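Chain nomenclature is as follows: A, B, C and D, assigned in order of appearance, with residue numbering initiated at 1 for each chain independently.
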């Protein structure tokens, strides 16, 4: 069995050497290196996933966990880690000219850091990976070459960096109180963090990591970045990066701050996210920003789901996150040629029937048409809310349900425009073959999930059972000492 | 040989690709009609008893999801498949060919029709609440498929529909999951067993969410605005199908959930105002207003399709009213009305679309005098409006009689008077429809209009026969209605072939018809005995006050119909609901603009500061309290 | 006494942070925003390094394998080292962006840059921007004041 | 108005944060891992500078991530400014040129010294790397005409980063965990001690130097176009 640290190390290595093979005789090697490494990482992770039996920990550098950095590998970490190279591979940027190498290099860095976010079990290490992901995504956003991209990237950078400062204060606070950074050891110190200072630390960490997760008050960057960046980058950020950031917040919540107040905070922020995102999306008149706002709303649902206590919340959250990962990535890919004004899409279905069909499929899943996975994720979320049954939870339920109605209104506007008779000139934009292929693969994944919904749910359930088991986390990580004397 | 539910469902799934394959050719379309016949036969073989259980069942997320067709579902399913068959036949011949030439996608039309049938079967045969919701959502979206086909104004109507439909669906989902939280299971038995133990506030929430959600599809007030345009502007067969049965899925679901699972007793328990007004009374009043207001809105319409669409909304009120009476007579009347309404509504829409097919318009101010040009269509519409108005000897009379009777017996004089007012409106407005289309002055441009082709008239006429026969011998249908009542847990109605024979009242339509026909016979005999004088003149050969009238002079009283009555009731047409809807949408738009303003910050970091401060304040406040 | 001195340090760290945040939020100049960011990061780093401070302790360097006296916590120092370098990277990238924005839009004003960015996004998306409610369309009805100094 | 609101929020935030941190126990940290690391460093890693042991040993992955962030920033900077064409700029003048010539070897030596002694004394790859970057950046300021060796920098960047990872992977190949220090610890406090840590710091130093030099050169170059 190969070591899981390779999933982080290899993409980093590839990213470092990628610019060296940008010209000359070895150009082909440069072209190949990214996809090959990502495929390799996918295989490694999949091998782990398929033979997975027990959660285990890896002590990096051979230093016993509370001292050194540890990776903690359970099903949840593996699932999200597996999603990273897979989705990155699907959204791999093409090489166009000199900047292609840099863009691929940044994409590899993003993939490595996101995998790290999934696996790492150390608070500060999470911060480092998070920052790496952030810097790589600034570069990717600005890499579009448009002036708007530079301003959007700068504004994104400002929000994100400010969030990081707040997050760093949170880390400082935690370290001040506990003197350790290892999540497992922090989990054993439950009551040391169960005071207002701890709650404040959680709030700060949530704000810090929430920027990428498009959490409510710190998501001002979303519409402009998705409007200005290339659609594949938007797909990576909205689909993949946001989920890993959410995962980090969830890990922190579960291990360090398992209090009702912390959950309540996430719930309220989630509700506000759903409401503000969906409402703003309703007013959008171009597809890219509409999808951006819609993804704020969807991530609000994810936050609401994760705020539910126990396994039920984890299952619902992971289901909602995975569903949004597939659907929103695919929708952004389709928004490549179709990202502009919605009015300009009149009759686009006549020139790209497959694209329009895929759009309808994803939209219907997003709205929760029953046999599609979107329905089941919504089912789990709302079921959990109904079960929890406080006034705030009912409010969340109302927000999710109302949000879906709003979503229906604006998505149907797009669909009816797509299928309307063409306006004449200018001709409706046509989908590119490569985008259709990518979106088609996502579509196949979605349909496969719809067919295999029950095994999938059982997997998620098993995942959640071990996910909420913080005692196992502590034991596994702190026992890793013996494994590497 | 008995049928199997799985085979039926399989047949209807296979029908979808078949429809895509066969729809473009005339022969193919007739084969598709045959497919509906096969489905109908299969359904008939299943029989109206309980026990047609599907072998297919899933365990999804810990809920077992299966399908079982009970007598109630079977009753609705028969109507559904038959309505689809008639609609398919209507479009199979010339209508389809000509409209395909004009740019309509027959492929999508037939696929849509078949998808609708499949979705409704999934809904009607639901064996538990998850299956019910799956069927419910599929039905909602399948309806959209048919509504979008015509383009133009249909698109706007369809968008409005889907917002209503999603809102309804989400309410149902909320109710469903609150039921799950309260009952711990979504199996019908378990839910029915757990409902009596649920607390009042939770029961209120569950019941309201379900009933409101389902009644969106029923288009009961205040959710009635979407239906008429959405159904009216669909292509002819789609309109006939949707108008005949689609909205009744809401009634089916209300019957299933509110009456079978939650139970009338529980509805009575939910008091709105101390112990004066309970939920059941409220539903009855909503139903009655749904019967009245849309009927009078229909009277004002100048588009024949919209007029019928609004009637469809109104008639739904009767059904719900009968159903919530929940006695044997009333609920039987409500269910029977589903069947009756489906038959004559299909006839009426088909007749209107036949007129559109020949003249190109449904504008009641641009038609008239077509009776001699399209006599068969006229006959069909005549029979249809007699049914819709609830006059003997057509079937509409029977069901309405049962509902009236139940209202009187249940001691609801106010509701009774209200329904009579509604019926008055119905009679007036359907006369407007018939008169403005077929009677009066023929327009010059319609002088050469011919009767609709046989492929369109035959389905209408067959349905006319059905309307008449089931009007004379309602017992044929009441047998299945009684079974459906039993499936709902209500007392079944005591019926005979000619009607009702129970202590609650007696009606024998065979006698009624005989007397009516005898009356007509005597009239005819008198007429012919007196010499039977009549003279055939050309339809444009008219004179008034001793002057011949040239054909280009309009002297027909068609625009501003019922001016006298309208003058009296005009102040009541305030469009309050449309106004409220508009106000809601624009309020919503304003809030949405505000939400968008949240993202329009000059300084990107502004909200980070505000958010951090507010959250930290919350934390500290939390620590202090 | 000790807590009061601690409070001074905390006020310093948090003051730096809040000054930085305020600088970012209040200033319209892109370059100043980068500088403010550096200040804010310095504050956070200061707090972090305070987390490892011990009274009467020495730097964590071993001499000849001995621990001569209590040493301060080395971990926050390593963390701060990392955080500083991260900050440098982010600030450098921010500066390159500022240079580019200045080149393309000819301004360092956040408000103007944002307006131009939105106009560009709208233009590429082929969307007409929503009309502002505040600004009247067309010419001002009154002539501008002669001096133009007060407005 | 808006500014007043912002100031109120700022004041509130400052107040709240001070309230929150005010009750922390300053000067007596819990040092859960700190004490253990201090005790274990000599045996585990064998560097005199415990901070270095933490940076490269216990938290080596952080350092790798940090290098990657610098690399990402440089790459992104290249992506943003990459296409700018260099233009001639007035010469730096005699004082600058002479000063640069004079400083270059000194800076080089100082930088390398700090890098190489990172495991013994305060300092290390980052600090030394910055000085190295300054050493290579100064001549460019003095002689704007000289072509900056972007290709060279690129190779140093790529290879030194790769070296860091490869050293980590070697441990993996040997059967240990990723980034486990290689070789013998040697004698504490000597130049050749701490196993592979000095090598790692050398890679870090080179990478940081190259990265920063590259970024600065790009900025300087682009500045010519702007002004």
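Keep in mind that, in the parts below, a contact is a pair of C-beta atoms (placed from the backbone, for glycine too) under 8 Å apart; a residue touches a chain by one contact, two chains touch by 3 or more.
Quick caveat: nothing in here was measured; it's all calculated off a predicted structure.
Put simply, the chain nearest the middle, going by average C-alpha positions, is A. Contact tally for B-C versus C-D: the pair with more C-beta pairs in contact is C-D. Distance from subunit C peaks, on a Cα-centroid basis, for B. Between subunit B and subunit C the centroid-to-centroid distance comes to 63 Å (mean Cα coordinates, whole Å).
Chain centres here are Cα averages; for subunit C and subunit D they lie 21 Å apart. Centroids built from CA atoms put subunit D at 30 Å from subunit A. Taking each chain's centre as the mean of its C-alpha atoms, subunit A lies 26 Å from subunit C. The set of subunit C residues touching two or more other chains comprises 17, 21-22, 24-26, 47, 50-52, 73, 75, 79, 82, 86, 89-90, 93, 97, 100, 110, 114. The set of subunit D residues touching two or more other chains comprises 6, 10, 13, 16-17, 20-21, 24-25, 29, 31, 33-34, 37, 58-59, 62, 65-66, 69, 72-73, 76-77, 80. Across the assembly, subunit A contributes residues 124, 128, 131, 135, 138-139, 142, 150, 155, 158, 162, 169, 173, 175-176, 179, 181, 196, 200 that each touch 2 or more other chains. If touching chains are joined by edges, the resulting network of the protein chains shown connects every chain directly with every other.
By the touch criterion given at the top, residues 124, 128, 131, 134-135, 138-139, 142, 146-148, 150-155, 157-158, 161-162, 164-165, 168-169, 171-173, 175-176, 179, 181, 224, 227-228, 285-289, 339-341, 344 of subunit A touch subunit C in their complex. On subunit B, the positions that touch subunit A within their shared complex are 58-62, 133-134, 137-138, 141, 148, 151, 155, 158-159, 162-163, 166-167, 170-171, 173-174, 177-178, 180-181, 588-589, 591-596, 598-599, 601, 604-612, 614-616, 618-620, 622-623. Subunit C contributes residues 21-22, 24-26, 28, 110-111, 114 to its touches with subunit B in the complex. On subunit A, the positions that touch subunit D within their shared complex are 3, 5-6, 8-9, 12-13, 15-17, 19-20, 58-63, 66-69, 98-99, 102-103, 105-106, 109, 112-113, 116, 120, 124-125, 128-129, 131-132, 135-136, 138-140, 142-143, 150, 169, 173, 175-182, 185, 196-197, 200, 484. Those residues of subunit D that touch subunit B in the complex are listed here as 6, 9-10, 12-13, 16-17, 19-20.
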